[in-house]
Each structure stands twice: as structure tokens, then as C-alpha cells.
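Letters A, B, C, D, E and F mark the chains in the order given here, with residues in each chain numbered from 1 onward.
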Amino acid sequence: MPIVTIQVTREGTVPGADRTTAEQKEALYSGVSDLLREVLGKDPADTFVVFQEVELENWGRNGLSVPAYRRATSAATSG
Amino acid sequence: MPIVTIQVTREGTVPGADRTTAEQKEALYSGVSDLLREVLGKDPADTFVVFQEVELENWGRNGLSVPAYRRATSAATSG
Amino acid sequence: MPIVTIQVTREGTVPGADRTTAEQKEALYSGVSDLLREVLGKDPADTFVVFQEVELENWGRNGLSVPAYRRATSAATSG
Amino acid sequence: MPIVTIQVTREGTVPGADRTTAEQKEALYSGVSDLLREVLGKDPADTFVVFQEVELENWGRNGLSVPAYRRATSAATSG
Amino acid sequence: MPIVTIQVTREGTVPGADRTTAEQKEALYSGVSDLLREVLGKDPADTFVVFQEVELENWGRNGLSVPAYRRATSAATSG
Amino acid sequence: MPIVTIQVTREGTVPGADRTTAEQKEALYSGVSDLLREVLGKDPADTFVVFQEVELENWGRNGLSVPAYRRATSAATSG
């Protein structure tokens, strides 16, 4: 009866999407369940996966929000 | 000073509701606090309860999102 | 399919115990499941409860660890 | 590579705001990263901070939702 | 920069083990990172996975601790 | 009434320590409370901080456990 929580920033990773698509979520649920079945023998019927998308402004890294972090990182690399 | 986190899928469980109602949440907060006071002697004033409703599409079970899981389950039982 | 996480400090609340007893945990699991069934109609068989005991030194309040907080509080009240 | 999760009720704490402002979040991310660097020597570039605002109605204390708790508390103090 | 938390009961799932082995954990970390790279294009170097094993007595289902739940379930099926 | 959860790998960051020391934890609790008071005006008496140390083997990055990740990283840099 595993519980897997996936936290990612809310953004699109395929053209036209501004967040994770329903298809991508289905791929994550099946991938996680398969992995726990194969590695630990866990029954997918008892495997719960909770998917949490976090607004970019609500995720911090390197002392900055992700938007500010990305601006600083790209400025540094194109500096 | 307990912290209790309740995660449920976002759906109505009483007629006309599409999510947990304010009354239901109050019943959960008082029920959880009473339980921790009765079983562990914890002071309700120091008992925090965080209630998280998760979109159906953001909860996976049996390798599927909950909507897909429920379609498959009902198809199997009415098969 | 609710997930309820209960976090408490690791300490005994009945004579002779230095942590939550097995009986207390059973009472918590049944109390939480009953509550979610009564309030939200959730099936206990699909209700997961995760119980986490946190060492006193690993819980902070009022800018202090719980042991330090309790020493300060009792000193203040007996001051 | 610390992960710090900050959960607060969704409300404004500066004039005109009904929630935590972007500036306040930036101050939290930099404050948390500085603290972990100073105390534990952790690299801010590997320090993730997840900020979660919880609706007042979704946070319980003393057996009540926060709005009900605050009404009861203020009634008691002005009683 | 995803964060994935995996919670399972503390038990062995291979002969001779009473908990998840180091090899199984490595398989989980690589499987989760591969999945997030393939589905969401996430960089494994920024993907954190936290693995939490929970004592059987600290996990509840159907209003019982997992040990009690398993005794009741096996009694019912062999009834 | 904020809840702040700090997750770090279980290791010493000062000479002679194999984990976070009590003094370091006190510094974290007071630093977090001060920060939330200064930035959001939160009362330290209602600010809970939960500190979680995770065994190195139970933390994954780049598809590897942290020990394996660090071996690979140091081999690459000294390659």
C-alpha cells in the first residue's frame, strides 16, 4: 500500500500546454505503479499516487523564487 | 501539538456539492481534535489540522488517474 | 481513498510509556476511519493513515525545541 | 540538498493584500536558504523551498476551522 | 526540480530482508528519475527522491494497524 | 500558525558530529520563527517546525542514492 507524492512546478513541458497534461499524468501513474510492482512487488491496486503542481512563484531555489532563479541563471550563462 | 493532514479527492459527498462542504470540514476538525484529546490527551488548542482536496485527475490508483480507475472498475463490475 | 497523516511528538501519554502505545495507535486508526466514513462516506478499506512520531528535539515551537520550550514555559509559569 | 516546506494560511499580512505577496515569498526563500547555509553549511543552489498557502477554511485548530476559531477567540476576549 | 516522496511499510520483499534493500532503493531512484525525464523532460540531476519506510504498526488501513488488518484479512479469506 | 518542515540528509556538518546537533536545531527553530515573524508577522508561539533527518541511503538524486551520487560526482570531478 505505497503512497507516492510527486511535486513539480506548474508549467507545460509539451507545446501548447501551460501545465502537466492529463496524458502525462496517466503516464506517471502507470510508470510509478509499474516501478513499485517490479521493484517491491507492490499491488498497483493499493498504490496511491498524489500529484501536486506548485506555482513557479511558490517554489524557491538558491534563495530565489524559480522565476527569479531562472532569470538569474540565464543572465549568468548569457553574461 | 499534533499536526494532522487529511488528503481526499475533490468531490462532493452530499447532494448538490461538488466538493467537501464547510460543515463537513468543521465536523472533521472537531472529530480529529476530540479523538486526539481522548486517545492521547492532546490539547485541541494546539492541534493543527490541514485539509487538502486533490483534483480527481491528480490522484492515481492502480496505475490510472481516479477517473480512469473508476471507469475501468465500473466497466469490470458491469462487464 | 483518503490519506491521513498524524504527526505527534514521541512521548508517552499513559503511565509507563515513553511513546504512543500500540493500543493508542489502534484507537487512532479506528477513530480516523470512523470519522471519515461518518462525515464523508469514505470506505475504511481505502483509508490509509500514516502515524509519525517525532523526537521532542526535532519539533520546534516559539523558536525553541519542544524540550527548551517546555522548560521556558514552566519557568515562566512558576516564575 | 534540503527540502523546506512552508505552510501558512492564505491571507494578506500587509495592507491591500489578501495573500502572501511575491516580495514576501522572495524574502522567505532567501531567508531560509541563508539560514541553512549559515547553520548547516548547505548550498543554496541545492536548497528547495515549497511554499503552500492553505485556505482559512482548510485549516483547523481547537476543533474548529480557523475562521470559526478566530470568531470564538475574539468573542471570548471581548466577552 | 521535482520532489518525489515514496512511503512504504517497513518490510522485506525479497528473501532474507526485513526491509527494503539498498539495491531496491537504487532501482527506485533510477526508475523515478527516468520516468520524470521521459514523461516531463525533467533533469535527473535536479530530481530529489525521499524514501520513507514506515513501521507496520504506524500504518493504518480499514481502521486497523497493518498487522491487525492482515490478520483480519487472512482470517476472513481462510474462514 | 505556520507549519515548517525541514528535511535534510542525516550527516554531521561540524567536526565530530554524524548528524545535526541539538545546538544547530535550536538555531534553525529560532531562525525560522524569526523569519516568519519578520516577513509575515507570524507569532512564534504558533509556529511549528518539524525537523526530519533522512538517512543518506533514503535520499535519491540524479537517479542514484546520495552515497552513490557523491561517489559518481567526485569520480567525475577527479576523473
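Note that a residue touches a chain if its C-beta (ideal position, glycine included) is under 8 Å from a C-beta of that chain, and two chains touch if they have at least 3 such contacts.
Per UniProt, the chains are A, B, C, D, E, F = 4-oxalocrotonate tautomerase family protein.
All values derive from a computational prediction rather than experimental measurement.
Trainee: Quote the value, from 0 to 180 degrees and to the nearest 5, of the angle by which the CA atoms of subunit E must be rotated to coincide with those of subunit F.
Mentor: 120
Trainee: Which chain maximises the distance between its CA centroid and that of subunit D?
Mentor: Between subunit D and the rest, the longest centre separation is with E.
Trainee: Among E-F, B-D or D-F, find the interface that matches B-C: by residue number, over half of the contact pairs should be common to both.
Mentor: D-F
Trainee: If you take the mean of the Cα atoms for each chain, which one ends up farthest from subunit C?
Mentor: Of all chains, A has its centre farthest from that of subunit C.
Trainee: So how far apart, in whole Å, are subunit C and subunit D when each is placed at the average of its C-alpha atoms?
Mentor: 22
Trainee: How far is the middle of subunit A from the middle of subunit B, if each middle is the mean of its Cα atoms, in Å?
Mentor: Roughly 22 Å, centre to centre.
Trainee: Provide the C-alpha centroid distance between subunit A and subunit C, rounded to the nearest whole angstrom.
Mentor: One centre to the other, that is 30 Å.
Trainee: Where in subunit C do residues touch two or more other chains at once?
Mentor: Answer for subunit C, listing residues that touch two or more other chains: 1, 3, 7, 28, 32, 48, 50, 59, 61.
Trainee: Among all the chains shown, which pairs meet the touch rule set out at the top?
Mentor: Here the touching chain pairs work out to A-B, A-C, A-D, A-E, B-C, B-D, B-F, C-E, C-F, D-E, D-F, E-F.
Trainee: Quick check: in the complex, which residue numbers of subunit B touch subunit F?
Mentor: Counting only subunit B, the residues touching subunit F are 1, 3, 48, 50.
Trainee: With touch defined as at the start, can you tell me which subunit B residues reach subunit A in the complex?
Mentor: Those in contact with subunit A are residues 7, 54, 57-65, 68.
Trainee: Where on subunit B is subunit D touching in the complex?
Mentor: 22, 25-26, 28-30, 32-34, 44-45, 47-53
Trainee: How about subunit B: which of its residues touch subunit C in the complex?
Mentor: Contacts found on subunit B: 1-9, 13, 20, 24, 27-28, 31-32, 35-36, 38-42, 59, 61, 66.
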